[in-house]
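What follows is a pair of complexes built around subunit A, which joins subunit B in one and subunit C in the other.
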Partner chain A sequence: MDQIILQILNGLDKGSAYALIALGLTLIFGTLGVVNFAHGALFMMGAFVSVTVSKVLTISHKVVDESRTDFLGNPLEVDVPYLYDFFGQAAGDVIIDWAVPISILVAIPIMIAIGFIMERGLIKHFYKRPHADQILVTFGLAIVLQEVIKYFYGANPIPTPAPEAFTGSFDFGVAFGFDPNAIIYPYWRLVYFFFSLIVIGAVFAFLQFTTFGMVVRAGMADRETVGLLGIDIDKRFTIMFGIAAAVAGLAGVMYVPINPPNYHMGMDFLVLSFVVVVVGGMGSLPGAVAAGFLLGILESFASMSAVINVLPGINQIIIYLVAIIILLTRPRGLMGRKGVMEE
Partner chain B sequence: MSKSNFSRRGVLKTGAIASAGLALPTYLRADGHTGFTNAPGDSEVILGFNVPQTGPYADEGADELRAYELAVEHLNGGGDGGMMGTFSSKALDGTGILGREVKYVTGDTQTKSDAARASARSMIEKDGAIMITGGSSSGVAVAVQALCQEAGVIFMAGLTHSNDTTGKDKRANGFRHFFNSYMSGAALAPVLAANYGTDRKAYHLTADYNWGYTTEEAVKSSTEALGWETVNAVKTPLTQTDFSSYIAPVLNSGADVLVLNHYGGNMVNSLTNAVQFGLREAQANGQNFEIVVPLYSRLMAKGAGANVKGIFGSTNWHWSLQDEGSKAFVKSFGTKYGFPPSQAAHTTYVQTLLYADAVTRAGSFNPCAVAEALEDFEFDGLGNGKTLYRGADHQCFKDVLVVKGKENPENEFDLLEIVEVTPVDQVTYEPDHPQFAGGELGACNPGA
Partner chain C sequence: MFGLEKKDARLLIIVIGLTMLAPFILNPFPEGSEMAQFNAGYPDLMQRFVIFGILAIGFNILFGLTGYLSFGHAAFLGVGSYAAVWMFKLLSMNVLPAIVLSVAIAGLFSLIIGYVSLRRSGIYFSILTLAFAQMSYALAYSVLTPLTGGETGLQPKATDPRVLDGALAPGETATPSLFGFAMRDSYELTMGSWIFTFNFGYYFAAIVMILAFYVSIRIFRSPFGMMLRAIKSNQTRMSYTGLNAKPYTLAAFVISGMYAGLAGGLLVAMDPQAGAERMFWTASGEIVLMTILGGAGTLIGPVLGAGFIKYFENIVSKINKSTLEQWFYWMPDGIEDVMIAIVYPFVGKGWHLTLGLLFMLVVIFLPGGLVQGGQKIAGMFRRKKTQDAKDGATTPAE
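Take a look at the complex of A and B:
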């Protein structure tokens, strides 16, 4: 039982990332009809906003420490962050420690801007082109963004830890009467899960309870009619592209303490996220979120050694297996609109 | 009326055969006057450096390239000479190789066997490279080694740690300076037993490919021989990025040690996840829970950050070694590039020097003469103490380092500390050891 709870927790956590990326993908597909293969790259860009903020906060000047030597035996040049000069060492350390949460504030405008530039500068020219062209151009863009990141940050993962207060793990199980060590779960992963719920909730609330959101939803249902009412729906969809980019970016910002970011992390998530979107139903926002969590949980269960011992390799194919079954029995996906991906 | 002998089908057939003939790789054509593939002219010789320049190991590849460039500089008489001054063989004199200036071409393996073979083939056929070297990844090394055997050039393996490179997939034209999984297990096990005791239960997470299998087997057999029990060994996909589902059950499995047979990004993520799940602070079976990483590199340790602190592993070489060869190399590399070399840089630099030295001692670029000069060659001064290039399998035998993530690093490169230099005798095995069984070295192929 404890292992089942543990894997459900794990699945929810994995599903958080899938759901956030798939939510953004669905927003773009539902509004602009574009299959955005650069969406994983937006997740990666968000992660590197975190890395950049961490680096900026630790910009330092050199102080020579004569008592220590570097690897060549010369006096060691110690890096002293400028933040120490402005705020003192104690306050400076706290700011540096909280680099990842601080990055959220920086990432939102940056990711919206990136989304705007991407949509206005490139993708809008492909709206009337076949899906294959859109896929090619967005995939190409993803590779370009990847290479840009690699050029500036290198290919190795860059450790970017969570704030000290959220490192480590706590004994989840004891609270529910299990033995100690039965359900140990890292604090930051719980933070990530709740953060994703907040972002998902905010997106839904925005679409559900604001006039802007209502118009966008109307546009998603019938773009032409909304346009005939004199509403500049294209402009609103562009804004939605920016919001979708921000959602993917925020997923990346908060993901970096879970796994050190590297330049190809977007590609690692992209294919799975597309499967999530298809399983959830193309264009369905609740479907993307539900499928994200569902597939995250299934993947976690399939990775248990008890399962692998009985069905070797199931951990590698489970998501695709589920996708095949769902698409065979319900081509529109779990919550997809009738007619989408159906004859 | 005369009747033509050429039918449409005949013309097509002839054309196809002629095209195939023209398309034959150059190394399959007769080259009677030299007797071997890509014999160099009088003025220069070309070496092929085949490293990952893109993909997850690109930083490692970049460090290898730096080392290659340094080796070429030293061979051609530039710089401070690096380890040429400490190398026990004094055949190299800084005038290139056999009087030819050393030139080089580079290729991008992308850490993919097919891409690595394609770039190696291009360097041999188009650029005239007489020796191919590079890494990383055992899959790439095995694939390129087989190609070099067919082509008739020497392959001086770079970063490849799988037993199979000099085990079941060994080739007469291939040589490996780097250590292997068996050696890691043999060096690590006694240190682990000394630090953690002999009554331990290990849980292995293993990268699901050749290198992972041989490393798991090596560590399992070495630790079990000292009394450890293996409670589970789970394969993890190479493409896995989040290992939480695999790590979460470990604490309740009855194990008190987690062995991460992972490398590169896999290791960085699995170790990070293991630390997140509190395994470092946990207790099991009345003992502190421990994590072991059989193969370390400084670049990986950098990626894993503070998570490596106190964790044991093995490495082929480390810049903090204090022998004269290592100090000379670190000074040379560090002065040129501003940071210390990685083990990948070290092994590729050494391989280049060893190749050049073998050619010089043989007095010929003929790969069979070079192979003969390398086989059972004993040397010193290249950073790992006395070393033997064993003729039976073309594997180098030398001391192996057991390292531990440093608790209090003094600078950004000071991530690992050497806890034991395991003597070569302790990591030496017979050529027909079961972990290296199968395959034949075969005969040297000079090509042409």
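Take a look at the complex of A and C:
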């Protein structure tokens, strides 16, 4: 039993990342009908916003520290972050420590802006072209973004730690009445899970309870009719693209402490999140979220040593296997609507 | 000629000429000169040109002709190379059985994957092939280690049985050969300060490529090719006329898979080792890039695209900062630094950036690829010429 709970928990953080990326992909696909192969790159850009913010916060200048001397008796020069000058040492340390959560505030406008630029500058011209062209041009864009990041940040993963308060692990075992140390789980992964729930909740609430969201949902169902009603659907779709980019970016920002970001993390997640979208059902938002968590958890079950001993390597192919089986038995995906992209 | 129309025969002859004279054509600069690094006439690169040309020709039959965008063709390439290495290990270092087996195995493999994937079309097909290819990659990397060598890859060893050849003499390394002619044998011709390398392996691969190109012309011009084109243009209408498109698309898929397997087998024949990274999905992306860049649906386009990308990969990636300094040394100091700073991100390690940008530009502005670009330029000149003629004709005589 404790094993099962442990695996479910283990799957949650991967599942959260899958769900968030797939949610954005589905928003773009459902509203604009564009297959965005650059979505993984947006995830990566989010992660590097986080890296950049934590680097910017520690920009420092040299100050002569009279209280400390080197072995010759000369006073030492110490690096002092500019933040100390503005907020004092204690507050400055806290801000540097909380760089990753603070990045969220920076990431939202930046990612929305990137989304706007992408949609207006490139994607807009591809609405009427075949899906193959959309895949190809966004694939090219993904390569370009990836190389730009590689040029500025190098090819090595950049470790960016979570705030001090979230290091360490939470002992679920005690909370549920199992042995201590049976189920321990890093705090940051919990934070990531709850963060993803909040983002997903916010997106759903936005679509469900605002007039804007209502129009967009109507546009997803029947774009032409909404346009005929005199609504400028294009503008709304641009905004939706910005939101989708922000969702992917936020998933990246908060993912940084779990896995140090590198320039090809976008491509690594992209294929899997497409598989997630297809399993959930193209164009279905709840489907994308549900499939994201489901496949994340399934993956962690498949990597249990008991399972691997029986079926070696199953942990690496389980998602593809599930996707192939689902596509062949239920082509519209778990929660897909009938008629969307069914040929 | 060869059952081809005049235009196709001319194209085939041009291709034969280009491939046979490649050691001369690709070596325009004398050895030791500053431009020598743009020479591509060394065997390793020339082999890549023709082998990836084969791959792109095959992919074009599926994507350019039938309209199905597969993102998993690297899997067939990988399977083909594994099969060839196994043939080397078990039977003989002769390349013929190895290549035959790699084509056969890749054909079987693509039959299975195609049978399943082709039940869907559009993006679903792309994602299904992507999923299958990633799955094959993961399998080759981990589970099937006894068959594929896992992370270390697979290569012939001295201890292999090699039923036909017998075991190697001590100290001898296994080299692929064709009835005693080793693939890596080269003849160097020195003319003045030029060195031309004629490599046996290259010529073998080039002849295979010419055959593959010929077969693809025949497929393009056959009723079968016409059917594939019809499927691309409107599948729904096809099914209304009572025609089942499935066997045709499956045949196209298997043929292109066999082409990929042939390319994989040849790669191994030139350099006897196979690894899983050949099967990663970005490798499939590269195959798509080649075809699109050259011009999907045209005969010669994919070959051009493959050559272009492989040339860039091997030549542009070699340019480093000191090369750039040599190029711009004649400029004033400040401008020189600016130029280097501008160009540097796009060459050397950053050549992928150039590739990505180029690819985006092609998809956006030239959906027909380099071939369409060439036609446009040719068209511009032709129109100018006819206009001139017309102007001449209408000028009233005084």
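Assume the second predicted complex is superposed on the first by the 324 of 343 C-alpha atoms of A that agree within 3 Å, B and C clash if a C-alpha of one lies under 4 Å from a C-alpha of the other, contacts with A are read in each partner's own complex, and residues count from 1 in each chain.
Assume a residue touches a chain if its C-beta (ideal position, glycine included) is under 8 Å from a C-beta of that chain, and two chains touch if they have at least 3 such contacts.
Everything numeric here is computed off the predicted structure, so don't read it as measured data.
After overlaying the two complexes on the shared chain, residue contacts for A:Asp268 are found with subunit B alone; subunit C is out of touch. In the superposition on chain A, A:Val144 makes contact with subunit C only, not with subunit B. Looking at the shared chain after the overlay, A:Pro331 reaches subunit C, while subunit B stays out of its contact range.
When the two complexes are overlaid on their common chain A, residue A:Gln316 makes contact with subunit B and with subunit C alike.
Applying the stated contact rule after C-alpha superposition, one finds that A:Asp133 touches subunit C and leaves subunit B untouched. Of the two partners subunit B and subunit C, it is B that touches the larger number of subunit A residues.
Judged by the touch definition given at the top, the superposed model places A:Asp222 against neither subunit B nor subunit C. In the superposed model, A:Glu164 makes contact with neither subunit B nor subunit C. Under the contact criterion defined above, the residues of subunit A that touch both subunit B in one complex and subunit C in the other are 150, 316. Of all the residues in subunit C, the ones that touch subunit A in their complex are 63, 67, 69, 116, 119-124, 126-128, 130-132, 134-135, 138-139, 141-143, 235, 281-282, 285, 288, 292, 345, 350, 352-353, 355-357, 359-360, 363-364, 367.
Interface residues of subunit B, counted against subunit A in their complex, comprise 54-59, 62, 232, 234-235, 237, 239, 241-242, 244-246, 248-249, 251-253, 265, 268-269, 272-273, 276-278, 281-284, 299, 302-307, 319-320, 330-331, 334-335, 339-340, 410-411, 413-414. Residues 2-3, 6-7, 10-11, 13-14, 68-72, 76, 150, 154-159, 161, 167-169, 181-182, 184-186, 188-189, 258-260, 262, 264-265, 268-269, 299-301, 303-305, 308, 315-316 of subunit A are the ones touching subunit B in the complex.
Remark: subunit A residues 35, 122, 125, 131-133, 135-137, 139-144, 146-148, 150-151, 267, 271, 274-275, 278, 282, 312-313, 316-317, 320-321, 323-324, 327-328, 331, 341, 343 touch subunit C in the complex.
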